[in-house]
Amino acid sequence: MIRTSALTKRFGPILAVDGVDLDVREGDIYGFLGANGSGKTTTVRMLLGLVLPTSGEVSLLGRPMPSSAHEVLPQVGALVEGPAAYPQLSGRRNLAVFDAAGAGQGSGRRSRRRRIEEALDRVGLGGIDGRPVRAYSLGMRQRLGLAAAIMRSPRLLVLDEPTNGLDPQGIGEIRTLLRELHATGTTVLLLSHQLAEVEQLCSRVGVLDRGRLVLQQELDEICGPTGRIHVRTPDADGARALLDGQVEAATSTGLLVRHPDAGELNAMLVGRGIRVEELTLERRTLEDAVLAATGTGSDRVARP
Amino acid sequence: MTRSRRWWLAAVAVALVTAAPLVARAVPVQAPDRDAASLVAQVRAAAHHPYSGQVEMNGNLDLPVTSRFTDIGTLLGERTTLRAWWRGPDAWRVDKLLVTGETDLLHSGGLTTEWSYEANRAVRSVDPDVRLPRTADLLPPALAARVLDGADDRTATRIGARRVAGISAPGVRIRPADPRSSVDHVDLWEDPASGVVLRVDAYASGDTAPSFSTAFTTFSAAIPDEARTRFVLPAGAKVSFDDVLDIADAANQYAPFDPPDRLAGLVRAATPSGAVGVYGSGLTRLLVIPLRHRDAQTLDDQLRRSAGVVESDVGLQLQAGPLGVLVADRGDFSWLVAGPLTPDTLVTAARDLQAGATLR
Amino acid sequence: MIAVELGKLLRSRRTWVTIGLVDALPTLVAVLLAVTDLGPRPGTGPAFLSAVLHDGTLFPLAAMAMVLPLFLPVAVAMAAGEAIAGEAQTGTLRYLLVRPVGRTRLLAAKLVSVMAFVLLTVLVVAATALLTGTLLLGHENTGRTISVSGTTLTTGELAVRTGLALLYAMLSMLGVAAIGLFLSTVVRTPLAAALGTLAVLVASTLLLPLDAAHALRPYLLTRYWLAFVDLFRDPILWTNVVHGVLQQCGYVVAFLAAAWANFATKDVTD
């Protein structure tokens, strides 16, 4: 769906994006992580042809960008760096204006009314009146931006922080919406700096740090087992004596044990009369992986 | 397409658009190779040749402007656009084009009509024996006729041809032989087919740019339609008849003086025969007008305000390019002495005048 | 895209307020003239203003002569300055471009929209002027009009020439629109683009009467603006009108080319 090779953007002396090889596959919900100013938005702007790369290539839906923008972009819905609308027009009118502005697949004039109402329903603005967007709250604008992105049933959705300004309930709704869209075959590229959001939604993760893609992996692989097992037991000392050399750390409630097979470990401990209250496979968290891959946040300016 | 290539393309477009008006002018002129005398002869022969076209006049003569002296000051000191239709000496029309209207002169049947659009008024008059110059006198053919009046054709030399109103016009330079003239030279360019002069540039001594220039910007040598020169008073417009055209006409008719037959060695012409005298010819023409005290005072005030004015025992004197103006004070009246003459000649003329003028 | 832009233009309250403001000046002048019956002295004031006192059907032209030197170009500069910089400021530019709308097409649509605004303004000003002119002024109207050259024009001739003059006045705004559009692709705020355009306008007005700048005259933006008066001379003096149309077309070619060169590959980061 999206593939970039050695994508680089330089704004004067500043290297904003540095040799990024992004790979988003069809059917992914790809979480694109990175601190503010790490180059996420610039990368997305390059994907959509808003910013031209200094070097490197972008291929979107299998076609080169920005030269094939006219064929590709009608099948892409996007929310780039916050929603935007004509403040003096109503939400419906805004959607109609943007829809009429371009041509291409799924934007017929006759279906426009229906698609607008559907999109508004899906983002939870179905009952909105004719008031101008100027009078919308931040959350409503965010929902309107999402409606604009999804109203042509795109094959690819590029969403930059789509839950900004929404309350927890709204965030939940959007998450459900994205899952639904994904179930009907939409690939999603989700930009976020919230690890939790990405962890809950995404199947694949890329991490950008100061313009470089430092991690790109399936979420399952990142959050795989570490090979250690957490054993909760009141007989910690006995267990330690028994498993000498395999215990890597002690916690307040038990021990962290390196062992290839939890079942075998359990059988052995119980066999030797050690009470086991709980046995869990230790897994890596996304946070660990991201912290391990990145340095300090890019908005932090420390003394050299 | 790369950014720099786009900018190159844009630069080429800008260059083409900017150069388009220049390219037409850059095409070299080709004019027939004829000697100066034959060109001048052709101009003289074409004195009554009809023509029409648009004329651009540009004067750099900084003259004091008074309303009593018609628009002569602005005509010689500013840029003026005219449209002219000339069927012959008694059927012509010259429109002075203004941003907000026009002031037109039409002449037919011995009657001149001045139409002013903004005043919505037509003023009719019979041409007097003497008057101050007006737009029609400054059209290239009319001005050229005055320059050539009395000039020695042998002094004419060829100069380079130039394109005037789209016509490759051969050029002639006239240098006054008389040292009393303050005109250094006058350049004429003529239509090689009809002999009508298309452009006249007058230079004062020592100047590199012309003091006064008048040139066609569009030109036709065909005889204009008769209806063009006829004036039909539009409904609702005011009309009046002027007995006195301007200050020269008024002085000539009513001032009780007789100027002498000779001034500074220049001989007085037969007309006008009243109080106003015209002396010499061509580039040594001298005009003397008696002024009432009030008029002289206004002119004095305006002269004093212009730079380069000289005060002597004779009076106030101003040299604007080749044109000299002197107001000689005689107490209850004054003499205006003017012409394309050197300051010394004007002073001599003024002294001769004070000594020789008689009461009628 | 053109239809969308026109729809936005017509629905915008701002469009109508601007037109109303431009229209207010000639209407005020008409009322003042009707009340005082005092025309400007010959050679002063806008063209045709002295003539409207006896022929109200000329008031649309006087109104044009009033709004053309400043009011209309200011309105056009604001509309054109708004074109790209305004979209960038509200953030809608990026959404238009990813819709996708071709960048060159967007520029063309914006120019058309600005010119449609000019058309609308000129028509509204002319219509109100005709109304106020015939109702308040022109007591001696005889159904025939005196041309600038002193000949008589029939009502039909007057209508044709007035139409041409209005068309010419609209065309005169092409250059302003093109400059505004170009600056709108360069700067970040619509205000800066509008002020930049006005600076060009003021510079042109200042240079025009300067003898030292005579060589520049054919290139000055405002050089031929008032040439629509030439359409009321008899016979019509076409030279300046034709030069004016060509010059405005030249401005459009030059500045649209520059706008295109700048905008087609510009990084949209707003």
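When the chains are written out, they are named A, B and C in that same order, and each has its own residue count from 1.
By definition in this document, a residue touches a chain if its C-beta (ideal position, glycine included) is under 8 Å from a C-beta of that chain, and two chains touch if they have at least 3 such contacts.
In this text the structure is predicted, and so the values were computed from the model without any measurement.
> Which chain lies at the heart of the structure, taking centres as C-alpha averages?
Located nearest the centre of all protein C-alpha atoms is chain C.
> Compared with chain B, which chain's mean CA position is the farthest off?
For chain B, the chain whose C-alpha mean is farthest off is A.
> Where the centres are mean C-alpha positions, what is the separation of chain A from chain C, in Å?
About 51 Å separates the centre of chain A from that of chain C.
> For chain B versus chain C, what separation do you get between their C-alpha means, in angstrom?
So the centre of chain B lies 38 Å away from the centre of chain C.
> Distance from the CA centroid of chain A to that of chain B, rounded to the nearest Å?
Those two chain centres are 85 Å apart.
> Would you mind listing the residues of chain C that make contact with two or more other chains?
265
> Over in the complex, which chain A residues touch chain C? Could you list them?
It comes out as residues 11, 42, 45, 48-52, 69-70, 73-74, 76, 78, 80-89, 93, 97-98, 100-102, 104, 148.
> Quick check: in the complex, which residue numbers of chain C touch chain B?
42-51, 54-55, 65, 140, 142, 144, 146, 148-152, 211, 218-219, 226, 229-230, 233, 237, 239, 250, 253-254, 257-258, 260-262, 264-265
> Residues of chain B touching chain C in their complex?
Answer in residue numbers: 1-3, 6-7, 9-10, 13-14, 16-18, 20-21, 54, 79, 83, 95, 97-102, 104, 115-120, 122, 217-218, 231-232, 234-237.
> Provide the residue numbers of chain C that touch chain A in the complex, in ascending order.
1, 3-4, 7-8, 11-14, 90-92, 94-102, 265, 267-269
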